[in-house]
Amino acid sequence: MNSAQMVLMVAAVLFALGLVGVLTRKNVIFMLISVEIMLNAAGMAFVAAGAKWQQPDGQIMFLFILAMAAAEVSVGLALVLQIYHQHKTMDVDRLRELRD
Amino acid sequence: MILVWMISILLIGGVACWLVAQRNQLACKWTALVAVIAAFLLPIIWYIQHTPAVGAGNNWLIDYQVKWIPAYGIGFHLAMDGLGFIMILLTSLLGVLAVLCSWNEIREKTGFFFFNLLWTLAGIGGVFVAMDLFLFYFFWEVMLVPMYFLIAIWGDFNRRYAAYKFFIFTQTGGLLMLLSILALYFIHGQQHSGNYTFDYFALLNTTLGNGATARWIMLGFLIAFVIKLPMVPLHSWLPDAHSEAPTAGSLILAGLLLKTGAYGIIRFVLPLFPDASASIAWWAMLLGVVGIVYGALLAYAQTDLKRLIAYTSVSHMGFVLLGVFAFRQMALQGVVMQLLTHGVSTGALFVLAGMLKERLHTRDINQMGGLWTAMPRMGALAMVFVMASLGLPMLGNFVAEFLILLGAFEVSPVLAVIASAGLVLSALYSLRIMQKVFYGQIQTITAPPADVSPREWIIMASLTIAIVFLGLYPQPVFDIVSGVVQQVARL
Amino acid sequence: MNQLLAYIPAFPLLGFILLSLFGRKLTNPVIAIIGAGTVCLAAITTIVLGVSFLQTPPQGGAWQQLLWSWFRVGTLSVDLSLRIDALTLIFIFIITFVGALIHIYSTFFMRHDADYARFFASMNLFVCSMLLLVMADNLVLLYLGWEGVGLCSYLLIGFWYDVPSNCRAANKAFLITRIGDTALLIGLFLLFKELGSLNMGTILQQAPKHFVSGGASITLITILLMVGGMGKSAQLPLQTWLPDAMAGPSPVSALIHAATMVTAGVYLIARMNGLFQLSPVTMAIVAIVGAITLFVAGCSALAQTDIKRILAYSTISQIGYMFLALGVGAWSAAIFHFFTHAFFKALLFLAAGVIIEALHHEHNIFMMGGLRKRMPEVFLTFLAGAAALSALPLVSAGFYSKDAILWYSWSAAGGNPVLWLMALAGAFITALYSTRLMLVVFWGDMRSPVHEQPDKGMIIPLIVLAFFSVTAGFIEWPHNLFHLTLFSDQVQQVLPQTVMKENEPSEWLFQGIAALVTLSGVYLGYVLYYGKSGVRWQQSPGLSATRDFLFSGWKFDQLYNYVFVKPYLFLTRINKGDVIDKLYNAIAQGSMRLNSWFSVSQNGSLRMYIVGVLAGILFIITLQLLL
Amino acid sequence: MVITRFHPVHALLYLAVSFFSSSMVFLSLGAPFVAALEIIVYAGAIIVLFIFVVMMLNLGRETAQQEKEWLKPKVWVIPAALVLLLLIEMIILLFSEDKQVMQIAVVEPRKLALSLYGEYIIAVELTGFLLMAGIVGAAHIGKHKKTELHRFLQNGHTDKEKTTYTRKTETVTTEQTAIHE
């Protein structure tokens, strides 16, 4: 048991929690927040791996994930705004337009 | 060079039509007409200049070759022999007629229609002269896609279904052919120490023998071509496509597109895989005969005029398959003749069906009847082509079918006899057309439909002259293709 | 003289082209001149040719003219080339001469018809095709003419196309003859396979060397050719189309369905005599078919009430005689019967046409009657024709030809007492129904008023034909009566001489019996029908049933209907939608079904997707863990 | 805690806590630059972004009420079980690896920057494009869509949107600068 493995475990737990969040919440905002957690977990795993091999690549990947997360959040939240204005709800289950 | 000119006239003409149509519909039609007439005159002028060479049945009258993508051994190689010349002539003739017969029929998106029409024609023309397999495949696709649009946009009520079916069937075949082409390409490359090429003449030297590989590759080509032909279990796209397509579309489908299949078999399957194709010859002939009888049976049952004619095509194309795989000079000459005469006669029947539909707004033969009273000229014209379709001597189809059967009889008397029985069945369905449409009491309540207009006269008269000429003096055609046929028959 | 050959078919062809292109713009007299004139020109050409043929017979007994090479492929070479020898000459004489008379007649007969031009165009085309048929020097060209006459027959039977039954009759005629044609075509293939040529001269020359007499292949070939002939000549079992074919105008029945086209089968067999002689089996079959046909058709003629159907069945029966003669090897007798039959049967049809028109399109003989006084010219000419048909001794052409056939059917090498008896019975029946026809139509009470008297133009051809019906027989006398054999002298340049049995019985005896039988037939008819109208048939149920059976032509139509037509229609109907197409549609529908199953999962619920992804990941990881 | 809160703002606060702690983890892994970025971007920019949205949409007590109704055991048990399974498997996978002791080495920002603009230059540029696309996309989506609206949904328009739009762009730009520092 070393620290990298510990960190990876933490990352896995975080990822799992994020996933549970995405799966259980109906509110789009909460889902987005959960996605952020998952992304963070993934980044953490990268950094841990990078540290394990003593390479900067892991951190670089984290940077990219960070950038991506930022973009995703901005677009996602813009969509949330639109959805809320149009549908007056945040419930994903009621937003199903592809239904059957 | 003339071949390049011909194809590019059609391609450019098509684009020009599209552009012009934005301004003026009539000008667009004239542009199309001028383009197809130019494309028709080119080979004729060329023929007049080179008559002795062509008539002697020499091989490879024109050979035009430039590099296209040399890295992969792809060349822009066009060549024409007697067979190609005949098919080009048929293509350009029917092209002119197709433009003429859609003169009034197409009222919307005229420009795009003529664009598609001309591009299909260009593709067909290209297929008949491309001597590079990659280029061949290219033209093969060029003729399919515009045809799909012709059916899907200007077709009848059920056009979507028909267009999809047409496309899926032919595309399946096309992809199989592409696979086979690639397989052949690699096998040839390996055999000739890395000399990878798509050139037809180079590939002819590939030795394949009669192994499983050869058989599979051959089947890939064959399936593509017999779908086009069509052979019986693979024919079901044809009635739908034919009956739903606009008149010009049906004309081109029946007159030309089906011929590309037969052409492909004669040009590629037999020379490239002589042994492999000989080993399946009997089965192919059997399927041809099945096609003859089965198509005739189905044709008799139809009530939709265009569908009926479409099934007669299935029946007639059975003769082609029978003749090709008989491997006899006579039968092959008959096949070439059948390609021509079927193109003319069935094309004419489709044009007639189109004219009737324009007047009566129906294709159901139960709602027609007694039309001879109203349209004696059209009745007489229909009689000519109905008789051609049932193989009356004096008209071209007889010569073709006679030679095919005569050639096939030497190989397999039983099959030839069954095929001859198909002639009786052909009489059944052909007479049904006359009886239901032109004989009997006139049924239309409204004013009787008008007889043939001058424009239609031109179309029908040229087809009639062609079919009678082919029936009474077919020798020039036989002379022109004799070189090719002898080569293939020797295999 | 060679160069004239092409003109004979070219004149009618010219007429056809002119009439079909410009027919609608021309006035009736012009059409009549073109239509009848071209055939008359052909007839004149024929007569000129014939005279010079008789005066200076050509080298080898035939003239030939090559028009152009039709097609040459590999070893097959087919030319459009014409050939005239004695046999052909007889046929083209009948075709053009009788044809010209019928054309003249029809210029008057059809004058009220709107489609005057179409009628003459078809008639001209018919004459042209028929001429090509008999003048062809190879079998492919013969087949061209063969199909051409079939086409014209179809066009003319269905001439009044607005009546559905006419169209059905036309279709039936075309289809049934087409069956025979196809057999003929297969025969041609077989011949080509065996001999490598389709030129008649070559075939006849090489056949004896190539085939073993009585061998399987020659028998097959000849049987196929015979079936072809049977289709065109309406012999059993392909005879059912001819009675229905009477739906066409009367001149058509006279020209096509009595004088010329239906004898094409006779021509074919006579022309291919070299082949048929090599196969005794086929010869016997031809004779038997002929004998049965003449009897069956004769019986049917007895029961008919439609004047034209009586004549139609009688035509079938008379062609049966020709087949019988061919079968027993009496070649020249068959051709001679064709020769006389053409005159008297054309005459009978034309006269029937006059009567029918005069009585407002009344076809039923029991609605006629008493016409002897009202239409004396028609009566006299009809009498001449009927006499020839029933072969009244000495005074009619029919006697000479039919008597020869009767005689040969016993005494020729292929002859047989049974055949003779059948032929004799046929002769009796013929006499009976001819008498019945005469008596019912011309004697008794007048049941329909005569609506108009025929034109002179229609009577003249009748008189000419009547003259020939009486005198045409005089060019060939039975050997024992008077040795004059103008006809067989000519014919036997082409056809082999009839081989007789040894120790043949006396010909006198046979002539006596034949004459007696004919006269007794006439007498029986007189007894049965004179002064009464044939109501007596209905009185006995047995007789009535027989009459119905005969009336329907021995129920052949019904038989075919059940054996061929119904199953065919059933087959086509059930498969109208194309089974194979269904298969593809099933594939398409299967994938659509699959699609709809999958699209349930495509429901837009985000969480479902994620669960799907999760399940996939779980599955993969579990898999890795377990393996 | 983040995923179980009913009130969005509470959840966001817990999220910030989570980010801080993971930042500490990074620091302990020898990645100070990343730890700093984590705080600045995640805890700073992104959470601010969320909070803006929450404020704009005026999500408050009734939302929390709603969430309470939605978050029933029967909703979350099955996913949670599945995820638990996944977690177990992942941990098993982690421990099935070879257990070598890891040297924790500090990777300096300098080294990071060198390799970032060295071998990963294309990826950096692509990320730039991605952010650009994010900006443009967010701006486009946040725009007034009067004409393009689905006909069933046209009632949902309010005046609020104008303001939303402007603020949106602002936030995105701040975030961009944060990243490119």
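The chains carry the letters A, B, C and D, assigned in the order they are written, with residues numbered from 1 in each.
Note that contacts are C-beta pairs under 8 Å (C-beta built on N, C-alpha and C of every residue); 3 or more make two chains touch, one makes a residue touch a chain.
Just so you know, these numbers come straight off a predicted model, no measurement behind them.
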From subunit C, the most remote chain by mean C-alpha position: D
A-C or A-D - the one linked by more C-beta pairs in contact: A-D
Geometric centre distance via CA averages, subunit D-subunit A, whole Å: 6
Between subunit D and subunit B, distance of the C-alpha-averaged centres to the nearest whole Å: 63
Separation of subunit A from subunit B, taking each centre as the mean of its C-alpha atoms, in whole Å: 60
Where subunit A and subunit C are represented by their mean Cα positions, the distance between them in whole Å: 93
Residue list for subunit B, restricted to those that touch at least two other chains: none
Residue list for subunit A, restricted to those that touch at least two other chains: 19, 23
For subunit D, residues contacting two or more additional chains: 79, 82-83, 86, 90
Set of all touching chain pairs, with the criterion as stated earlier: A-C, A-D, B-C, C-D
Of subunit C, residues touching subunit A in the complex: 599-600, 602-607, 610-611, 614
Subunit C partner contacts - residues on subunit A that touch it in the complex: 19, 22-23, 31, 92-93, 95-100
Residues of subunit D defined as touching subunit A within the complex: 2-3, 8, 11-12, 15, 18-19, 22, 25-26, 28-31, 33-34, 37-38, 41-42, 45-46, 49-50, 53-54, 56-57, 59, 63, 66-67, 70-71, 75-76, 79-80, 82-84, 86-87, 90-91, 94-95, 97, 99-105, 107, 111-112, 114-116, 120, 123, 127, 130-131, 133-135, 137-139, 141-142, 145, 149-150, 153, 156-158, 160-161, 164, 168, 171-172, 175, 179
Subunit B-touching residues of subunit C, taken from the complex the two chains share: 20, 24, 68-74, 76, 80, 115, 118, 140, 143-144, 147-148, 151, 154-155, 158, 161-162, 164, 167-168, 170-171, 174-175, 178-179, 181-182, 185-186, 188-190, 192-193, 568, 571-573, 575-576, 578, 580-581, 583-584
Touching residues on subunit B, where the partner in the complex is subunit C: 165, 232-233, 235-236, 239, 297-298, 300-302, 328-330, 333-334, 370, 372-373, 376, 380, 383, 387, 392-394, 398-399, 402-403, 405-406, 409-410, 413, 416-417, 420-421, 423-424, 427-428, 431-432, 435, 438-442, 472-475, 478
